[in-house]
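Report on the structure given below.
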Amino acid sequence: MNKPQGEVFDIGYQPYEGAREGRNAARKALLIDGMRTALGMGRGLTAKILPGLLFLALLIPALVFIIIASVVGQTGIDDLPGVADYYQGAIYPVLIFSAIIAPELLTTDRRNGVLSLYLVRPITSSDYIIGRWLAFFLLSLIVVWVPQLLLYIGVNLGSTDAWEYLRDNWDDIPRFLLAGAALALFTTTLPLAAAAFTDRRAIAAALVIGIWVIALAVGNALSDGIGGTAGAWLALIDIGSTPLHINDMIFNQASDGPGRAAEEVPKAVRIGWYLILVAVPAAFLYMKYRKVSA
Amino acid sequence: MMGRNMMGKSMMAGFIKDPVLHISLKQLSGPRRMTIVTLLAIIPVVITSVIVGVNGGVPDEFAAPIFGRMFVAAILPIVVMALATAAFGNELEDKTLSYLVLKPVSRLRLVLPKYAVTVLMTGPLLVVSGVVVALVAYDADARTATAVAVGIAVGVVTYSSIFMWMGLVTTKALGFALFYVFLWEGLLSEFLSGIRFLSVRAYTVSIMHGIEDINLAELDELSIRLPVAAVGAGIVTVLFFYLTVRRLRRMDVP
Amino acid sequence: MTDRDANGTPTIRVDSVSKWFGNVVAVNDVSLEIRPGITGLLGPNGAGKTTLLHMINGLSAPSEGEITVLGEPVRNNPGIYNRLGVMAEHEAVYGFFTGRAFVEFSARLYGLNDVPAMVDKAIKAVNMADAQNRPLGEYSRGMRQRMRLAASMVHDPEVMLLDEPLSGTDPRQRIEFSELLAELAKDGRTIVVSSHILEEVETLADSILLMISGKLAAAGDYRAIRAKLDERPYTVSVGCSEPRRMAAALVGLDEVDSVTVDAEGRVIVLSKNVSVLQLAVPKLAQDAGIRLERVEPLDDSLESVFGYLVDA
Amino acid sequence: MAELLQAAGLSKHYGSTVALDSVDFAVPSGITGLLGPNGAGKSTAIKLFLGLLEPTGGQALVMGEEPYSLPAARSRLGYMPEHDCLPSAITASEFLTHMARVSGLPAADARTRAADTLRHVGLDEERYRSIGEYSTGMKQRVKLAQAIVHDPVMVFLDEPTAGLDPMGREEMLDLIRRIGTDFGISALVSTHLMGDVERTCDEILVIDAGRVTHQGAVKGFTEETQTMYIEVDDRRDQLVAALADRGIEANGDGHGPLLIENLSDDGFDAIRDALVASGAPLRRLAPGRAQLSDIFKASGTERESGMSNGQ
């Protein structure tokens, strides 16, 4: 009868012999963590309410339009907002979504001191800020593209001859993807820059929404009050609708949305203005995080 | 006469050198806060001068959008809110309030300088901005300028008292203040006309309209009679001032 | 300095005080008296020390019970602060002040008439004269704590309530700090110091108050408290020329509970009646002709007292 | 193998303030205590080794590499800051897994390693509650865990027992001791509490006014002195008289302990007999012991540089 066997295993501390991936693994981790933070995943219920609500605010219009399209059939489709006009309305919830959620990615790390733990990792502060920026940019792309795709598919299925509709309007897809990307680029960089400016999320959100609302009011007040080419140029003050100028150019249509007032300003200037409004906050963000210390 | 003058002067000297007034001035005059506040105050002046410069005059419907909606409904409350909620709000958040409370100074003599600094730092700025807009828009009509000045002054005095109290009651004072201004005074007063009797915006506009109702005729749709507005503003100011002192006496200071 | 209550009538009286936040009871029916001299307020994290101090200094109101300092109530009575100096547990300061300006600010709020002289005296007392004109923001934690102490005693108060005054100070600063407090206590002041660093409180405090999860677990001289913990036998280590024979002799005593000889040849004796043991050890050594080299109590330190009470 | 930590003519100036004045030292493996008055340059030294600050002169080397110019060198270092640095909304296991990933561990290893590390620092089922609800003691453990989850060679601990009550402090000191011994991770512990150093460190390194003033084994600084201390609970004067009869001169102020200098061997018997004769109850008879804090008492006036010793 063999002796009863017994063994004690060493569950003590073991040195780590596994692989050590370099900075890309760290950037990927920051990206994934950034997206999870923005969506409040892994953080209990309360953190999910705001992102959830805002996400719904974007999906519902698309779903409603689809239902209308399927009910009212071919005839009603023309008065539905086409792909070219979707962003005229969608910009408001997207900007609010970004203004409230984006600062969360930067302010909390600074306020609770986790940033100093990142800086003692084998990454540089620019890895950190690029990881966080990419996280919110990807999220914004989803937030901007998904409703459009739903709308496009819905309208497509709703039309009598799906193939024929697709053949005529296939070029809409790359256009609204590009226009969406332009919008996402804008609504990602501005709020993140505001988050680098102040430690408190609420102040950063108030700052972005404040700037946008006041710019809208001042821009319109001036362009209505004065009108003509001078009024058109002054309409550029309404920076909130800058991405819509890009959208109108991509679909080269006369816009009837908020971008209408600045129509007479030459295309090159409007594109230049858009690029400035993305590059300046991006530069400010990059510089602010380059020299941040633990 | 001499005695009263002396007492007045020593009170004034005491007031100027009052340590609480001194630190409140230092706390609230942070560069970032001041630039935001001054920028906001300048916006209506820029808009009016550009419009008058280009068109040579203001469109007929001007008083309501500039004074009614932009100035009184948005800029004035936001500017006052930015400072008034911070009067005690900063002390609460930075945990420095205990330095004031643990001193042999009556709670009234702590609240008074804080209130004075808030009014002094927002009042003149906004009154000047309002007067300039009035003078530019209505070719230097003194009566309109006075109406706007008095109205804004009352608005500042009343809002300061409410938002100072809010800053002491909750750390999220800024949020509640925004809610009060844009929902209670903004949205609801459009539908429920009764709210006019309880909204600082209505008091401000009514006082402006009460003093001068030709150029500012468009402001009548939100107005109540001048004496009612003045008394209402007075009551609200004193009430929230008292509530602040009472709160400071009874609260647990962090 | 006004005259002191010579016979040490209690300066601070806490009468069945409780404090709760919702259903969290931070302080649970505590009654105590604090007399002139230095009293150490001790207890594990979350035991209610800060909450109790906040009620004694008037910053927060008890949910139940009364507190008086120098016979007066501390709530709604700002006048009390003429005779009471407080240093709260947080370390926030006004960033825009220099060290001296901060103490002057305090002095003016206390309504002192000779501000510059009193400020100089306070700053010299905390040995911060050379750093006084630098902004507080540039100070190290230890320097900030000392300036905050200067600000809280610039009006020469009779009672001082200090919450974790030693946190962030380095050894040298702590030594100076203890000397300063001992000096202040000499002229009859009542000083309450709350701290986690037992080694410091042991040398500093005349008596201690020990709080455990909201209740007052012990009060008074910690050695007297140790004696009262009679369910905990004393442990004494005896180093001598012949440990085995010494152990044999000791085991013969009725008051001795147990005797062991440790690896280094020391005789470890446990006994509930320490005074008998204190006389017996030299006597037994003399009778047996053993050279007595070392006798050390192993658990009469404040730390052991603290440990026993917390585990109890 | 290159030294674990080496400072070669290392100096750091902030404008006119000299935080470190071309210091040379090497930190061996094991647990080393880093001591020095506030603002003496301790935090600066740690930040230079972590590559967070650029040296004004000389080099800060970790196993021969310079972390400032080579961030990858930081993958073998751990840092437990003194200030709060933990998120409050997520659980410890999620936070630690994320930190392991950012330290370069692949996802699977990160998860298992995080779980192990939390067990080693003594966090069991609380690891699945959000960190905001943790006690100070538990938070200090998580702070320590994130410093060792990626199995560093050297970990910097800045005031690890700050804010802990005596119980928590005891447990943290045991944990630090285990890190140096069982886990085989060397540690540089910057602290103000002499008790911590005496209980955990093998070596100490004292920095004062930007220069290294003492370095060596802790034992060297705390040996026993020649003076003999006697404490009695009663009949102190009778004891002094009895000692004098036996030719032993005892001095001591007021009611404090009695001190006897350079005692001869048979002097012990004289003390024993004096105790019996005077009937004084003996509380303590022991040689005096040098204390680490004596380093600070002796080393001249305090010099508070303008540097704040925090971040």
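Residue numbering begins at 1 within each chain, and the chains themselves are lettered A, B, C and D in the order written.
Keep in mind that, in the parts below, contacts are C-beta pairs under 8 Å (C-beta built on N, C-alpha and C of every residue); 3 or more make two chains touch, one makes a residue touch a chain.
From a predicted model like this one, the values you see are computed outputs, not experimental measurements.
Asks: Could you see whether C-D or B-C has the larger number of C-beta contact pairs?
Replies: Looking at C-D and B-C side by side, C-D shows more C-beta contacts.
Asks: Provide the C-alpha centroid distance between subunit C and subunit D, rounded to the nearest whole angstrom.
Replies: Going by mean C-alpha positions, subunit C sits 23 Å from subunit D.
Asks: Centroid from C-alpha atoms only, then distance subunit B to subunit C, rounded to Å. What do you get?
Replies: Chain centroid spacing, subunit B to subunit C, equals 50 Å.
Asks: Subunit A to subunit B: how many Å between their CA centres?
Replies: Distance between chain centres: 37 Å.
Asks: Could you put a whole-Å number on the gap between the CA centroids of subunit A and subunit C?
Replies: That gives a centre separation of 56 Å.
Asks: If each chain is a dot and touching chains are joined, what shape do you get: line, ring, star, complete or other?
Replies: Shape of the chain contacts: a ring, since each chain touches exactly two and the loop closes.
Asks: Mind giving me all the chain pairs that touch?
Replies: All touching pairs, sorted by chain label, are A-B, A-D, B-C, C-D.
Asks: Can you check the complex and tell me which residues of subunit B touch subunit A?
Replies: So the residues of subunit B in touch with subunit A come to 32, 40, 43, 47, 50-51, 54-55, 59, 65, 70, 78, 172, 174-175, 178.
Asks: For the complex, which residues does subunit A have touching subunit D?
Replies: Checking each residue of subunit A against subunit D gives 12-16, 18-23, 25-26, 28-30, 33, 42-44, 47, 108-109, 112-114, 116-124, 293-294.
Asks: Mind pulling up the subunit D residues that touch subunit C in the complex?
Replies: My answer: residues 36-39, 135-137, 162-169, 192-195, 232-233, 265, 268-269, 271-273, 275-276, 279, 281-287, 292-293, 296-297, 302, 304, 306-310.
Asks: Which of the residues in subunit C come into contact with subunit B in the complex?
Replies: 54, 57-61, 76, 78-82, 84, 86, 88, 90, 92-94, 96, 105-106, 108-111, 151
Asks: In their complex, what parts of subunit C are in touch with subunit D?
Replies: 43-47, 127, 130-131, 134, 137-143, 167-175, 196-199, 275, 278-279, 281-283, 285-286, 291-297, 300, 303, 306-307, 310
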